[in-house]
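Note that the chains are named A, B, C, D and E in the order they appear, and that numbering of residues resets to 1 at the start of each chain.
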Amino acid sequence: MEFLQQLINGLALGSIYALIALGYTMVYGVLRFINFAHSDVLMLGAFSAYYLAPAVARVLPLPSIGGALVVGLLACLICAGLGVLIERLAYRPLRSRPKLTVLITAIGVSLFIEYTGQHRAVFGADTKRFPELMPGTEFHLGSLIVGSNDLVVLVTTLLLLAGLWFIVHRTKVGTAMRAVSHNQQAAALMGVDINRIIAFTFALGSALAAVAGILYALKAPGIDPLMGVQPGLRAFIAAVLGGIGNLPGAALGGLVIGLLETFAGGISGLSNYRDGIAFAILILILLFRPAGLLGKVTVEKV
Amino acid sequence: MNVSQPLLSLRDLSVSYGTIKALHGVSLQVPEKAIVTLIGANGAGKSTTLRAISGLLKVQGGSVVYDGREITNELPHKIVGRHLCHVPEGRMVFSNLTVAENLRMGAYLRRDKGGIAEDVDYVYGIFPRLKERWAQQAGTLSGGEQQMLAISRALMSRPRCLMLDEPSLGIAPILVRAIFDQIVAINREKGITILLVEQNANLALAISHYGYVLETGRVILEDTAAALRQNPQVREAYLGE
Amino acid sequence: MFSRSPLSLPTACQGAKRWLIAAVLCSILLSFGQFNRYYLGVAMDVGINIILAVSLNLINGYTGQFSLGHAGFMAVGAYTAAKFSLVFAVAAPEPARPVLFLVALVLGGAVAALSGLAVGIPSLRLKGDYLAIVTLGFGEIIRVIVQNLEAVGAASGLKGIPKYTTLGWTFALASVTVYVVVSLVNSTYGRGFIAVKDDEVAASSMGINPVRYKVTAFVVGAFFAGIAGGLYAHHKQFLAPTGFDFLKSIDIVVMVILGGMGRTASVALAAVVLTLLPEVLRPVSEYRMILYALLIIGLMMARPQGLFAFGRRAVK
Amino acid sequence: MHMRGRILLLGGAIGLVAAALSGCGGTDSGAILIGEFASLTGKEATFGISSHQGTALAVEEINAAGGILGRPLELRTEDDQSKAGEPANVVNKLISRDGVVAVLGEVASSRSLEAAPVCQANKVPMISPASTNPKVTESGDYIFRVCFIDPFQGTVMANFASKTLRARKVAVFTDVKSDYSKGLAKFFKEGFVKAGGQICAELDFNGGDKDFKAQLTAIKAAAPDAVFVPGYYTDVAIICIQAKQLQLSVPFFGGDGWESEKLVEIGGAAMEGHYFSTHYAADNPTPRITAFVEAYKKRYAGKTPDAMAALGYDSVMFLADGIKRAGGTEASGLRQALAETKEFEGVTGKMAMNSQRDAVKAAVILQIKGGKFRYMATVAP
Amino acid sequence: MRKGIGMSAPSILSLREVTIRFGGLTAVSGLNLEIGESELVGLIGPNGAGKTTAFNLITGVYAPTEGEIRFAGRPVTAKRPHDLTKLGIARTFQNIRLFSSLTVFDNVRAATQLHRSHGVRMALWRGAAFAAAEAEVERGVMELLEIFDLGRVRDEIATSLPYGDQRRLEIVRALATQPKLLLLDEPAAGMNPTEKAELMRLIRFIKERFKISIMLVEHDMKVVMGICERIAVLEYGKKIGEGTPGEIRKDPKVIAAYLGTE
């Protein structure tokens, strides 16, 4: 029973990591760099919802599913906009520069968002109570307990994965994304405006981060400007573990990390190493599969 | 439009890679509905010329005029929008996309669903192998099939002028034949202007109307294709005779 | 690197050693001065950061790998040296202490070098982002282990470390670090590091074993990070595992990049500036980190080759 | 660059540093300069800000009342960014450059431990408002604190668990990242086992984690009578919410890290019926506390002061008391006066300094009821 | 130069039935090739015929899927590039791969690794022996640079040189490893006729002066026909012809492969 309960816990946690990891991996897919600020967009998503909720509550009842959807949608829009803004201001000017330059810039952007958020004129450093967007209950299956929040997380993740799959595989813009990811020049020769596709990718990834941020905040309703750091790091590991740039890999990686952490966390004497376990597994896996679980090893052309 | 004006003309084009100058003032003309070929040894600047025209490379000097308008240093996707399409060297098919998706990418800028479907049928007609493999990932195709796909993909944008970079590269002779037959057919039936870059000089000159010979970033020779084929200088350049 | 005169090579070689001796003597003399403790403390931070940045530069700058785990090596050195001092040096007679301190530092460096070897091995198979995340992960694993290791105080930290670090020790060792990295790189042997960075395939076709150079860079870099850790431990007299998280590694990476990858003098200068900058910004402490973040972003836009990277070295 | 140039540059740098080193100490004007170091930014900013606000309020009140010995207090606050390595610098700066007569700080024991040797070496009294780790004052005779220490609090809670809660089996859920949490857990376990109880599960989390279900599921499987969570309120609130979701419905209890109005704000109904020990109860209707709470609310936009704020406030008052009794700010005299404090009445209660310079004072136990902290008992040492 | 083992063997390099596949693609299949001592051999073929892949097999960048490679009488199949360089194989690259942040002098100096007598310890001690050893290296490097007229640019960043000089420098760098066999990958690419003529002279000169075997992959027929003693022709990964320039020129299969059938 405990095993099954932990399985549920792990899936609920892992699916949030998966959502975040998808954002990392999508950006990596088109731009080949790790967007360190992604975890901060997650935080911004949660804060957007925090500030939106009272406004929405005036029009729609909260907590309610409809209200939660509206708040979530608006937060997604805000974060999509912010994601595009970050790309436009910080990353696009550096597009042709070495990857390292962009990576360091991304770290800079991440620190900037975190510390600006901590300033008392912005969000402030203290933890804020995240509003109850949805009515929550628990369901019992024998002695198993499944929280409605966990179900929401699982269902949302599944829906978003399906939606993302649809966008990427069944729409024109998604096809263009894959084309840009494979070869920017060839895509440009098809008439694809690379900048727009990259912006779209950032918008999409940031919207996913916003959803992840809200789900994370629903799970643990204390939010602060640094809340994105830990899940961001784990999701980042998940993305690399799955093979960065690979969408199913990110989802798989997220679930693997979520489950691993949960099972390790439930064992006395191992729970204190929880922070290191994800990394240890990652290193082990990379030693045997240097491009991650689902990544393909590319041969350098000489 | 002035009929005597070529569809595409380059004037004194120069391009550098860092400190290395790749093109030293290349000028050439491509008349509407003609097949013009650009031949020369590896590294002569043939591909560079095409890449400069299609906006993939920054031009440092000179100009590119297409359809009476200067398009020098325009962004690649804008140039495609003018129906000037480039099938790059090495084919560059999207190997992570299926054949059908590759074709859809070719029609990226188009909105006419009916017309797109028509054109898909057309390319499947000229390259039946693609139809057989429509759901396959392009990366699993053979080199020749990929070349067919690359040409078809470019056709999907309904080009007025098509630039082909080494369509015979690394392809079995039997497929080369089929591809070149279709290049001629495309030109005759659809009236598409073609600028062809080729190493296989005989093959290229056989189907072209006019040719330019490039050496180290300069045009060293230009003439009708028939004349070039007889030119001992060309034979020498290619066989060291 | 070398002046145009063909005779410069051997002359420069011998000159460097003289300068090292001078710098070390100078540092030792400094120890006898009476200074304001705050400035003294900051000066020691400067020296320690020079060691960290210059040693990371060997890995990231000269050999072209991307390590985000330097704080991990530093932690290994700091804890090893501190534990050694707490067990042996505290009980030893006064005159033996400098010797024991040196032993503690070298021991810390050596254990850090061993961990560098352990990280260097995955570096044989991984590149770029993957290597970066593995080194980052390594640093975090070290932190988690230390956090659970009761022998070194675990989360409570290790306290009561004797205050052996002086300005003299710090700058003498900083000079040694600069000397070693400069000497190593400025030799026929050392050109191999840069060759590996520029083009691994070409380097290996020239008979240079990239594996050996990469691992050497990690081992030497980690050794000095360990030394810096030891100095840090005996300077702050207290070690907490949280002090070695990945933000610390990022700080060091920023010094290297700010200075200009693969330029020892510039990187050392950047270490000085970036250590002093937060102190200067104290009056606006609320905005300090925001400014720091903006500085990183602005710098990458305006001078990606490094703030202090002057001269005609080609930038890749 | 020529190699000689590089080495020259290094030499130059050393010279520059040497030149810069010859700064000098603070002034001895009318105001009494006191230093404070706190985590105003970074991971633990929320605690640092609370304690700083209490500290600042106390200084303002003293100055409004005419200062000490006729001299106003001047507070110099430095931010240590919640970062290890910073406190030593910051305190060095306060002492050597600003010339403060005493140093107040920090909330986190690890950072107090880093600053303590600096204060000791400079012979400047340091008063930690809320570092409960016993090691802090071991650094030397100039180091004081106005809070009780972990062994005391641990024992109080062990007795509470076995006597009041009548728990036989208790699970302990510790924040491994926090020295405070680990210390408190250790002393609790010792005390509880001595009292005849059994620790049925020991699990750990990392401060800042947001998902505790894995550990809570394991704790639930061990079927404890109660769960001891020595952690900070930011984590505790979420732990209790997730425990409630898992229907782990036994009492949770913890230490002073719980104390903040945010605990109930975030945890909501999930906090109902849980207990914690702390330094003071804001709802305690003594005039002293009421006055403090009101002044604080007025000064800081209606915020109820938490324990950190109260302790920050008391650290200033304790220092002021010492200065008054010493009749000046001369270091050894002040140290002496502080060490000899027999009875000091702060908002966090009466305290005396023991030989270890730790405050000997009572702890209060509060229960959360109806979204409020309800005073349950005072446990004297 | 170190003495090789089995120098008595008639050929310095031999490939037996060497095959390599990448995924489904057979880039080189069943290749047999011999290169004699002090021989100058050309490897030609249309683009994509597998010439560069063959080069990469010989220099250890790729390991063959099947077959055996012997160098100086010993099997070297799947040895790593730097080990092969140690044995005496050096190369240049199709797309110039100089060390971009090093000067001309240092590019060549870096390639003397195998033959330096001093290492880390001396570099750190910087004693008289080190100075002497470095002076020796410098003398060697400068001698090479002067031979190829690059001494005047010794302190320029290598990648800032004109194209022709970069090509030449790459050859000099390869020679600094003191090879027995030098592999040149399209050395004439991007050169004008004058530069090509110069290059041909240079290759002949290297062969005479350093008494080594040279193998070159080249597109330019004039260059290949002009200097090679023997030529092997590849098409689709297979050898379709081999012989003297005269023989190759007349081989109908080769003509078809090059000019294409009409």
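Everything that follows uses one rule, which is that a residue touches a chain if its C-beta (ideal position, glycine included) is under 8 Å from a C-beta of that chain, and two chains touch if they have at least 3 such contacts.
Just so it is clear, the structure is predicted and the values come from calculations on it, not from any experiment.
Among the remaining chains, those touching chain B and also chain D are A. Counted as hops between touching chains, the shortest connection from chain B to chain C is 2. The greatest centre-to-centre distance from chain C, using averaged C-alpha positions, is reached by B. With centres defined by CA atoms alone, the chain at the far end from chain E is D.
Taking each chain's centre as the mean of its C-alpha atoms, chain B lies 34 Å from chain E.
We define each chain's centre as the mean of its Cα atoms; on that basis chain A and chain B are separated by 42 Å. Those residues of chain E in touch with two or more other chains are numbered 61, 93, 159-160.
Listed for chain B are no residues, as none touches two or more other chains. Shared contact sites, meaning residues of chain C that touch two or more other chains, fall at 1-2, 16, 147-148, 186, 201, 286, 289, 316. On the chain A side of its complex with chain D, the touching residues are 1-2, 5-6, 9-10, 12-13, 115, 118, 125-127, 129, 136, 138, 145, 147, 149, 216, 219-222, 224, 226-227, 229-231, 261-269, 271-272, 274-275.
Of all residues in chain C, only 1-3, 8, 12, 15-16, 19-20, 22-23, 26-27, 30, 33, 35-43, 45-46, 50, 147-148, 154-157, 159-160, 163, 171, 174-175, 178-179, 182, 186, 232, 235-244, 247, 263-265, 268-269, 272, 279, 282, 285-286, 288-289, 311 touch chain D in the complex they form.
Within the complex, the chain A residues that touch chain C are 28, 33-34, 90, 93-94, 97-105, 107-112, 115-116, 119-120, 236-237, 240, 244, 272-273, 275-276, 279-280, 282-283, 286-287, 290-291, 300, 302.
Across the interface of their complex, chain C is touched by residues 1-11, 13-14, 17-18, 20-25, 40-41, 78-79, 81, 83-85, 88-89, 92-93, 95-97, 109-111, 113-114, 116-118, 121-122, 133, 135, 138-139, 176-179, 181-183 of chain D. Within the complex formed with chain B, the residues of chain E that make contact are 24, 46-49, 159-160, 162-163, 186, 189-193, 195, 219-226, 236, 245, 249, 255-256, 258-262.
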